[in-house]
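Down below are the structures I want you to see.
In what follows, chain A forms one complex with chain B and a second complex with chain C.
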Partner chain A sequence: MKTVEKHQHMDTPEIAARSVGARVLRSEDPRLLSGRGQFIADIELPGQLHVAFVRSPVAHARITHIDLSAVRDAEGVHLAWSGADAAQFCEGLVGEFAVEGCNPTTMPLLATDEVLYVGEPIAVVVAETRYAAEDACELLDWDFEELPAVVNADAAAAGVGVANPQLPDNFGLRGGASFGDVAGAFEQAHQIVEGRFYTCRVSAAPMETRGVIADYEWASKSLRVWSNTQMPHFLRYMLTAYLGFPEQNVEVITPDTGGGFGQKAHVYPEEMLLPLLAREVDRPVKWIEDRRENLMAGAHAHEQYVDIAYALDATGKITAVRTHALGDGGAYHAPPWSMAVEPWCAVVMTPTGLYDAPAAEYTYAAVATNKTPVGAYRGVGYMAGTFARECLADEAARATGMSPFEFRRHNVVPEFPWTNPQGIVYDEGSWRESIDVLESMVDYPAFLQRQAELRAQGRYIGLGLSFFVESSGESTAGSQEHGLGDVYHDTATVRLSPNGTAHVTIGLSAQGQGLATTMAQMAADTLGVRVEDVIVETARSTSHAYGSGTIGSRGAVIAGGAVSRAAGVVREKIRAVAANLLEAAVDDVDLVDGNASVKGAPDTSISIAEVATAIYFDMSSWPEDFDPVLEATQAYDTARAMFSNGAHAMVVELDPETGFVRFEKVFSVEDCGTVINPNIVEGQIRGGVVQGIGASVFEELAYDESGQLLTTTFLDYGIPTMDVSPPFEIHHIETPSKHSASGVKGMGESGLIAAPAAVLNAVNDALTPFGVVLRELPLSPEKIRAAMSGATESAAPQVVAP
Partner chain B sequence: MSATPQERLEVSISINGRRYKAPVEARKTLADFIREDAHLTGTKLGCEHGVCGSCTVLIDDAPARSCLTLAAQADGHRVRTVESLTEGQELNGLQRAFREQHGLQCGFCTAGFLMTATALLEENPTPTRDDIVETVSGSLCRCTGYQTIIAAIEQAAAEGAADTQKHDEQEGDVL
Partner chain C sequence: MKAAKFKYVAPRSLEEALGHLGSDPDAKVLSGGQSLMPLLAMRLAAPSVLVDLQHVPGLNAIEDIDNAVRIGARVTHRAVEHSELVARRVPILSLAARHIAHPQIRSRGTFGGSTAHADPSGEWPTVLLAVGATMHLQGAAGRRDVHADDFFVGPFTSSMEPAEILTQVSVPATWDRWSFQEAAVKAGDYGLALVAAVASVENDTITDARVSVGAAVGSVTRLREVEQLLIGAAPDLNTAERAARVATDSVKPISDIHGSSDYRRNLVGSLVKRAIVELKNGA
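Moving on, here comes the complex of A and B:
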């Protein structure tokens, strides 16, 4: 496996932890709590016009006639475009993925000849008010001839119908690889455990929908685009690459953002259209997505089948794993990731997990269907892969007569560093320890006793486990370890003011993770100042620091590394002047708690504020050849791929009357290395796990046979509510990374990655007396009731003798 | 009385103690009136079909979905929004509890939770955990997993933080 060559921007300074590790309250909160946050819908530009879209009401059709004249004549309308109008400026966004077997697609900004999914934009209207724009949308005169809709991944893979004419055999992606003697292991297996698992189609459904505002000023050719994107710098790049706006004149501004979870980590047709419309009407234009549009046209997620098999020896050790994933990709590759993100990630990133499997083989495929394109959602691909692996681990435990803890302990990787069959190197972790810790947290013997007692009373509780290894801090090294060639690096700028307070900008936009607080903690400890003396601006504008996107649990690691490196440069300036003032050697000067002091002589000290003031205003304080700049911009990327780990256990009770799953309690173990702020880490765990509960039990974007989307409101698409969300017990283990600043690792996705397997395993544990094993999400009341009444056809573990 | 959707009606609504008078289209929602006409953007729109609760405001002290209420329906009534909660330039007890318990992440749904909890604590200053869950379960949050929101409302109740001082109306036309 190719590893990245080490560069200087991969080293970070060593610093004393003062605020890192503390439950620092968030600096973001007073604004957000008092209604003073500024989200995209809250921004009003003088003279702004409003945009609304006409979207396809059918899954697959040929447009036979489209006439915008009534729309254009409507009161208050300034402009209306169909696909042909938009195509003059941009033929569409190419979606592809740099792995073997990917067939690209081009997604038009507005459909031209065919519509390929319900919700695909057909026309766009610019009007004085949103009310007027939506009124005018109703006047569109168009006809279409319906075509057969492809709505099932298996049918698409079998070549039944064509969902998108650009992919004549429906395959957007197909490939695979094998490492070690997989065939031999399966031939010689004592037993084989296998199953086909299904993760249903869901939406990230951030509480704030998408939105774009564009303002073009022709005299200076300058374009300002407000978007609640997770990738402002990439969006700016795309606006130049696709539309030709000169990059130096393009600024992308990301206001406060109401959750993203990956859905806002794409480049969408709407983000390309608004700048074109602004230029055309010579007024600022604003589009705020409504919830119906968000559920129809914001990237969908998760839908795939994962076939997984373990070869086990006579002792129950895994000798090989085979995985095949088939993703239902929707009508197009969603740029810039593509329909590969689910099935490719699932099989490449997750098959071994924490188990010492010596051989692995995988194949992946994604097919086009007449549904909304599938994209990223928190732990993309990792969720389905972890779901299949961890649910199969529970089935293997039953098949070998071991407890689910025992089976995992029997198979866990014994020591680090460990290289998995694909050649991915894991430097450290608490994989074994996490099993022991979780077992003691749930008090397994007591649980088994309670379960037996309740069963005797006709009540059915279950315990489900799920262990994860999460690739964290999406980096160049991480990308290369997984066979990709993506380059990621971010910058941060740190500036110290004359009064010794610091101003920090980072290249990542924030969606609610508290990055302004955690990055202030990183900067404060490096500079030796108090955390309240640091202000952090996340990527509010592409005019500031550069960032590769708030994706892949990279905020703490990558932005944190850049902040630490930039602060480290400023730190050396302070030490140099402090040493001069204190008549000490630079190496003897330490910066802690707002003071520069001489090691071993704590009384010989001077405040950092005094040093900063001297640097700005007193040349006599300077050492020879001193450059008084107290500002530094530095890049960061990790030298190696790094991985967090942990687990969740869930206790559920099934109601035989209603089929409802009641969530009694969640136990979580998280090892993300050094914890910057436990409040924020725990918030990420709870939020992610409850999203996982949603994706397992409550949520499904349902289509009928004609490809009609049936779930376009929050009444039909039910995300978890307070009354169904369980309490948590969270345990932190800290195994610091040797490579990141302060030893931090990313952890933003593990909740959603691992929770669904814990849910299904808990439900299947509760269903044991009924002899039924479920493998498909969502675990709807109908399925649970059927399972408990004996009406479900049993899918008991397939234990095959060699 | 019936009006076409585009017909303009004169409304007079007290928001956070200030009176706002304006001619509005009959179809204009209270949420849009608050955000666009009164320029109070703390009230958020998460679904515009009455499910998510982000737009919850208090109309005559009772929680209401401002996305499902027409501005014309609020004519002559008293409305309170999240902007009314702070005590001068300080967070009030409930807001402080949300901060201390990490009861918000992105902050988009927060105004709805704060207003629903405010109404609960004004009516019942000592709610049980079940009271809180039953009352506040009508609001959606996608970030927190809810436990810290429950803890925040419990903390506010324990500290007796209910802002029971309802604002006296100031006279004078703003619009």
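Moving on, here comes the complex of A and C:
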């Protein structure tokens, strides 16, 4: 794999940790938890009009007639468009992915000839109120001729029907690669373990749905767009690229956001339409997605089949891994990513994990179906890949007669740096240690004893493990390491005020992760001030710092790097003036705890506030040729791909009568390098793991055979709640990165990436007495009950002789 | 998800409320709104006028009357849940109340609203059918009482006339033993199956019993075969197991994305068993 050339924006200052590592309380919480946040729905612009969409009630149909006149005549309506009206301004959003075998699609802003999934927008109405807009939507006069719906990935791959005429063979993506002697390894294998794993279709279901407000001012030609997007700068770029609004006149504003999880890291037709509508009606226009729309038209996630096989030698060592992933992509590539995000990521990023497999082969395919497009969701692709790999590891442990800990220890990579068969280089990690730590946290012998005792009473508990390696800090280097060419960087601005307090702006919008707190910690340590003396503004507007998006566990690493570089510039200014005032050499001046002091002479010190005041108001304090600007904007990107790692162990109990899964306990080990703030890291683990529990047991976006979506409210789509969330025991290991500021690594996705495998493994462990192994999500009560009453057919684990 | 246009009135008396209902066939009673407003928001219902009962006097009491507890239609689920009188005299209601939705919804949703709504997954319809409650209805022509057996006639359908108002429900307090069982995936969810069972017991023999099932079926239903088996039997584990088998064989469950009819059939059997075991233990 290629690595990037080292650039100056990849170096960060070396700083001693003071507030980094501390359980600093989140500065966002008093505001957000007392209802003082301002979310997009809270924003009211004078004169605003409201937007509603007519969405397809059927999965696949040809529009034979559409007449908007009754809609346009309805009370309170200002404008109504169908696909043809929108197409005059924009033909649609192209979705593609720069990997071998990707066939692009263009998603129209409003369907024109054919509708391809339930929920696809067909017409848009602008009216005085949302009520009036929805009343008018009901008056749309249109006819359609239903076409056969393609709703199953295997059928789509076999060419049964055509889901989207732009992809005549249904394939949105197809490719593969092989590294090392995979065929030989499988021929000579002592034993092969294999299985087909299915991760069902789910929604990220953020607490706050999507929303867009657009306001166009014709006199200055300026466009302001409020969106709760995770990628405001990218959206701004797209508004120019697709719609021609001059970029210098476009501002994208991101208010408080109630969760994104990747669903808001796309560019959607609604975000393109609202600016056009605002310009047309010359009034601000507002659209707040309702839950039904969110479940139908917000990006769906996860649905794919992963076939994975290990060749094992006589000692139980993995000699090769083969992975085939087939993604059910929905009707279009979801821009700006694509159907590739699931199957491609799964096979390229995850098959070796922490195991020292010398050879690997993969194929990936994504097919179009008449369902909502699949997009990003926390740990996209990583979840399904890790799920297949870790569940197969448990099956391999059973097949080789080893404990699940022992099998992993037997196969774990022994030393770093390690280059996997694809050429991906892992610089450091605590892969082996995490196995040992988790085993002692769980107290495995005690668990086995308790399990046996309970079984004798007719109670069934199970323990499931899942280990992960998470690519973190999505970067140019990380992208190249995985064979892509994406270029990323972020900027941050740090300004020191005359009283020695700091103001920081970053290029990332926040969705609730506590970025303002962690970034204040990074800035405080670099500047040597107290964390309470730093205020951080996340990207509330594109008129501030630049950012490539709050995606790919990049916030802590990338924004942290930019903040620390910008703070480093200001730091040098302070040191220069402090040295002058203290009559010491600059190199001897240290900034810690609000003071500038001379190394070895702690009494010779001056407060940073005094230095800042002097810089602003006392020119005699300045050294020669001093430029008094106490503000710096710096960019950052990592020099190398970096990976965090860790594991979860889950204890569950199954009720044989109801088939319900009770979650008893989660043990987590996390190594994200230097921990900036344990509270925030633990919050990310808890939230991610509970989402993983949801995606394994409670959640499924279900379709019927005609492509009708059956789960359009939270009555039918079950998200996990506190009462199913188990207690956690969390252990931190810190293996710092040599390439990031303070050694931090990203960890925002690992909970969801790894939890589902732990759940399935725990369930299968509990099912051992019944001789059943499950491989498909969700683990519905019905499936579990059937497994426990001997009604499941695929009973025997698939262990095949070569 | 915004409702179509409707008018709203908040009458101060039952007569006035009945007047509104009588003069407009598309008028609808609004109680706690926890079922009706979602239907309006999803445009599955579009009544012309909502007749809000919140200011109508006399619908808010829980009263101890001879052999029964009488509960006003506007009494919230939460008030039933926390009523000392209910817990003492008709404890099955206290047991069931905790399973209805979440505290927020229990604070708004009402006993009468849920009963009138006749949701096959509703805790109240299931319990009221088991205990053999009496619904007190008021129409323009006068009052009438309807027994639960004649009240819940189908999915979301009761035998009330559109222009009638449910004012109170009398819940008999004469049963010796009670049990309420629910299998819900998460706390607050609608159940996949509900079973309510009540019995009179003399000398360790069941002399009378009623058992109903909700959620797993198209509309709340009595399990008459199970009742027949129980009468004359001892409330013990053996009876519970036999009752479970009869329930499994006789119930006619629905199928949907949350569970097939086979799954629900077995679930009902398990809940019936748990209910009878609890009848035995309860006193």
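By our rule, the second predicted complex is superposed on the first by the 801 of 802 C-alpha atoms of A that agree within 3 Å, B and C clash if a C-alpha of one lies under 4 Å from a C-alpha of the other, contacts with A are read in each partner's own complex, and residues count from 1 in each chain.
Please note the rule applied: a contact is a pair of C-beta atoms (placed from the backbone, for glycine too) under 8 Å apart; a residue touches a chain by one contact, two chains touch by 3 or more.
A quick note: this is a predicted structure, and the numbers were derived from the prediction, not measured.
Peer 1: Mind working out whether A:Tyr237 is in touch with chain B, chain C, both or neither, as first, second, both or neither?
Peer 2: After superposing on A, A:Tyr237 lies clear of both chain B and chain C.
Peer 1: Between chain B (first) and chain C (second), which does A:Trp142 come into contact with in this model arrangement: first, second, both, or neither?
Peer 2: Neither partner.
Peer 1: With the two structures laid over each other on chain A, which partner does A:Arg291 touch: chain B (first), chain C (second), both, or neither?
Peer 2: Both: A:Arg291 reaches chain B and chain C.
Peer 1: With both complexes superposed on chain A, which partner does A:Thr711 reach: first (chain B), second (chain C), both or neither?
Peer 2: The second partner, chain C, only.
Peer 1: So, does A:Thr721 touch the first partner chain B, the second partner chain C, both, or neither?
Peer 2: both
Peer 1: Hey, is it chain B or chain C that touches more of chain A?
Peer 2: Between chain B and chain C, the winner on chain A residue contacts is B.
Peer 1: If you stack the two complexes on chain A, which partner ends up touching A:Leu33: first (chain B), second (chain C), both, or neither?
Peer 2: first
Peer 1: Is A:Thr658 contacted by the first partner chain B, the second partner chain C, both or neither?
Peer 2: After superposing on A, A:Thr658 lies in contact with chain C but is clear of chain B.
Peer 1: Examine A:Tyr131 and indicate which partner it touches, taking first as chain B and second as chain C; both and neither are also allowed.
Peer 2: Touch status of A:Tyr131: both partners.
Peer 1: For chain A, give the residues common to its interface with chain B and its interface with chain C.
Peer 2: In chain A, residues 131, 290-291, 713, 715, 720-721, 723 are touched by chain B and also by chain C.
Peer 1: Over in the complex, which chain A residues touch chain C? Could you list them?
Peer 2: Within the complex, chain A contacts chain C at residues 130-131, 134-135, 138, 290-292, 657-660, 698, 700, 702, 710-711, 713, 715-716, 718, 720-721, 723-724, 780-782, 785-786, 789.
Peer 1: For a test of understanding, state which residues of chain A touch chain B in their complex under the given definition.
Peer 2: Those residues of chain A that touch chain B are 25-26, 28-39, 41-42, 131, 205-209, 256-259, 261, 290-291, 511-514, 679-680, 682-683, 686-687, 689-691, 713-715, 719-723, 725, 727-728.
Peer 1: Residue numbers of chain B touching chain A in their complex, please.
Peer 2: 25, 27-28, 35, 40-49, 51-52, 54, 81-83, 85-86, 91, 95, 98-100, 102, 104-111, 114, 133-134, 136-150
Peer 1: Residue numbers of chain C touching chain A in their complex, please.
Peer 2: 1-5, 42-43, 183, 185-190, 192, 257-260, 263, 266-267, 270
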